[in-house]
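I have a structure here, written as structure tokens, and I will follow up with some questions on it.
Chain naming follows the written order as A, B, C and D, and within any one chain the residues start at number 1.
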């Protein structure tokens, strides 16, 4: 439109090669299937090295499963998320939509060889993960036909809210015109306690390296020398 | 730790004067280096401390990780591209631009493909905008975690971006602007990052398919050769190595808007599609981990920004928020762009608690930790825009603190 | 030389489509590089052609010489600091800032000395300004001499400069603003460059003692750690490695305002103290030495600037100045700063003569070569601000031309 | 004034060390002297390698002297500057003020060892240059006492004009409020001959290197390949 010579129509094969996203309503999901058992094979050969054999993560990565209960599967709300003392948040505790897992494994995993899985392998790996979280039984085969039913068992499927003012233009369920938080514009004798309630212990000041080496050598100030006293 | 570093002070002249003046330096008495010694120059060797840095232990890998911009050492509003913060999910690439393509598909009359040559022939705009990671200051939700503003606020940068308004390309493809209220933006790297983008922002002409940054092409770490620029919205939506835009009628629920970049509230729900970076500010001079050299005059200086438009006002307190003075705003004040502020301060050598508080053109005022936590708790991870406090000790040392 | 390069065009898909789409590239299928691989990053390897360059034979040495910024490859208004043009008279140095001093003397109550620490504590401002060498386009006074806009107009750059208004320091020294209408600015390098600066510009607060450029410290090639910024005035007055300012009551007649940077008129007199860079513009896309890839749509784009204030208008002609259309100006339009302009153009493949003509807020209109030479002849060397013409040939090749 | 703790007074020795400029009225000129003969020694040992034994320049540098006549010394206007066909402009043809030469040699020469000359050596080198241009005789000794008289013999002392609008703020003799040149704002059917009168010959296109390598590899255009046809 008004820009002669620029751009061309995409071919159907080109769109197919790149249009790989899968939406929460499963638009974009290719047909296929994979069992938990096959998923275990995929997992152990291609995923476990980073995520641990049971998705619990090895010493390095965040755990993918854990923290969800049968009750959560029933309610669609992960109860542990309400607790301030719960140690960490696994993927299965947060993810509301099974499409998200499928889409992400398909596009980005294994991390060092993304897009190397077949469609059936993606179904299988997803099934395995869901089984680890007791969302599906051990003899389950996940497919494009039954995935909508699986969605109804996602532990945190009702855990998301869009009742806020941070989506530009609004248009999401419950979206708010006004920000939820508002500061005060008090200028004089404001009712605050100017008392320090949190600061780093002296020994932790150097956890990010010697700050003297992280500031310019001229200017209004220098960086603090945070090496251990002996090294100064 | 250390006391005020007397050695760093201006040598008061003993006798006839300062040797740095009386004994002419080598550079006053010799012939310097030739032009174009570097076809592409670099900073002084004396600036080696000014680097972007990782925060040890923050991430488990270095390719799904962050490097922070050294805000404590920057001036004005432009971030030098070499110091732009980094956030990658599957590492960065230096892509051959002659083989890069952009596809438009979904609810369009005709799916389209563009080469870089073609995109760069279209009418472009250049605009100054900040980019902030939604997780910036995320480590500080519960308590103080890191010592300097590089680590508290350094997932923030500001550049002049050049590109084609995305709306132009959507018009060329015949997009259904009525039904297609949600776009998917997708990258070409291993993560093929996907994020849902609101059509409203695109229609206003603000969202750019950008190839330029600070006068040159995007840096590889920032998505060379093509990146989506979504002013005011968290960095993760500024999809790098942009390969595809899909027009759709509902959000896409991608991993980085369903599992990450979701904000946990006290009631255990996660807010999804929280995109806007709300009004925020930070004092960068003086700031945590620094040491003032002496009593006397200082120019308190820092940065303010808002994802909703222009910053209209910044107040500064040196007594922990009991009393405030209005700071000077440095022009040009631009929408969804960093604004530099400053305020004169005569430091009497007594302990001080330095804070800044920004207001934007919608009237939104940056909240205190108390105000923010009252609504959002302490576990949100994302979108921490609370007022930052720095404690200046009698020794001149400046510490990161939170106030009760 | 060559015909339109068909190979460079978007591969129209044969059969199923473009292999660059159908065969997923390595970067879509692998893990990329870690964060902070470079604490200070650099451009893509694919951008290696974008360099500042010398013009062979222009100067007799490489330390009293020039390197030109690659304007043909830049976007927006900010010049990446690594590509900032260079003009040195006795080479460049990388000076230790902790030993650098600034002295104020002459008609002042008390001569003063400042360290960098002290200067950086004072209230600073950050402003976007262009800098242009007085000799920019100097080779073209008589006839076409060089092929590309890098060489015709590349002694031009634009940055966000941060520093202390010089007037602040003069006030601290108790300068005699009434009698002291001329300042001497002096550098610390071998040339110890000296130039006379008008007090009027200083009083307006415009002249800065600058240490910052595009968010970081000045680059060594641009005078690290201290440079005088004299907006609107030719680059030679922006004294690098600034060591001294003297307040006086008459001009100083220094070598670079008596023997060079003097403008020879047809009557054999030289104009002295010609400082202001008058309103000027240049089309950078398309420009000399380039080859358009195809007929069809192009966005003609370029830069306009004026040493007297803001650019208010740019007109573009594609028929050698017979007919003109008003171009779009890219915001923010700032005083004594580059302004990017653009205009849609549907190239029909026939020969074209592309020109731009800028107007500033004083009403001054950029002259043609004919208009400029009628007053100043062809031997002036300095301050050539004539309208630039590029000839687009049927082959797509663009040539530097002058018109009768 | 209002900035406690910042800056200090300079000592007299500090000002002396750096305040080296010499103005046209000779303010700043230190006492001293140097003969043409001594100047020749200085010149031959410290200057001639770059500027040639007679200031005529070797193959590399611009000539410092030449192009001035006895008549110019009388009138203070260098006649050759009026000629369009005169090959080059030497320093002595342009420089109106002898202070400029003294100041510049003192601060910046020899180029590779600036500020290494004694005050008397600067007087001597200046005297030698002036003698090469016949401004002073061979037996002359230039000093702070007689330099004002020498100024009255500078060949181009009356050759400068400040009657223009390019000095911000005005205030120089003859300074103009209005620019000397003004373009036209004609928009349609403007009275111009759009005829090319100057362009580079094809063979000269590559004098600045291969332009294909001086343009980006993507974008609306490429650089022209300007290598010799055989090399393409």
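Everything that follows uses one rule, which is that a contact is a pair of C-beta atoms (placed from the backbone, for glycine too) under 8 Å apart; a residue touches a chain by one contact, two chains touch by 3 or more.
Just so it is clear, the structure is predicted and the values come from calculations on it, not from any experiment.
The minimum number of touch steps linking chain B to chain D comes to 1.
Chains that count as touching both chain C and chain D, per the definition above, are B. Remark: among chain pairs A-B and A-C, A-B carries the greater number of C-beta contacts. Distance from the chain A centre to the chain B centre is 22 Å, each centre being the mean of its Cα atoms.
Measuring from the averaged C-alpha position of chain A to that of chain C gives a distance of 46 Å.
Distance between chain centres (mean CA atoms), chain B to chain C: 27 Å.
Chain centres here are Cα means. That of chain A falls 66 Å from that of chain D. Shown for chain B are the residues that touch two or more other chains, namely 8, 10, 13, 18, 21, 28-31, 46-47, 50-51, 53, 61, 73, 90, 97, 103, 113-115, 117-118, 121-122, 190, 192, 217, 225, 243, 293, 296-299. The set of chain A residues that touch two or more partner chains comprises 3, 5-6, 8, 10, 14, 18, 111, 114-115, 216-217, 219-220. If you draw each protein chain as a dot and join the dots that touch, the picture is not a line, a loop, a star, or fully joined; it has some other shape. The chain pairs satisfying the stated touch condition come to A-B, A-C, B-C, B-D, C-D. Residues 8-10, 13, 18, 20-21, 25, 27-47, 50-54, 61-63, 65-67, 73-84, 86-88, 90-97, 99-101, 103, 113-115, 117-118, 121-128, 160-162, 188-190, 192, 211-212, 214-217, 219-221, 224-225, 241, 243, 293, 296-299, 301, 330, 332, 334, 340, 342, 344 of chain B are the ones touching chain C in the complex.
Residues 1-2, 5, 8, 46-47, 49-51, 53, 55-57, 60-61, 64, 70, 72-73, 89-90, 103-106, 110-114, 118, 121-122, 143-148, 150-151, 169, 171-172, 181, 184, 186, 190-192, 194, 198-201, 232-233, 243-244, 246, 248, 250-255, 258-259, 262, 264-276, 278, 285-286, 289-293, 298-299, 315, 319-324, 353, 357, 359, 364-368, 371-372, 374-376, 378-379, 383, 387, 391, 396-404 of chain B are the ones touching chain A in the complex. Every residue of chain C that touches chain A in the complex is listed here, in rising order: 10, 12-13, 16-18, 21-22, 24, 28-31, 97-98, 115-117, 120-121, 217, 225, 294-297, 346. Of all residues in chain D, only 1, 3, 5-10, 14-15, 18-21, 23-25, 27, 60-62, 77-79, 81-82, 84, 89, 91, 94-97, 99-100, 103-104, 107-108, 111, 114-115, 156, 159-172, 179-190, 192-200, 202, 204-205, 207-209, 211, 213-217, 219-226, 232 touch chain C in the complex they form. Of all residues in chain D, those touching chain B in their complex are 2-6, 8, 10-11, 13-14, 17-18, 111-116, 216-220.
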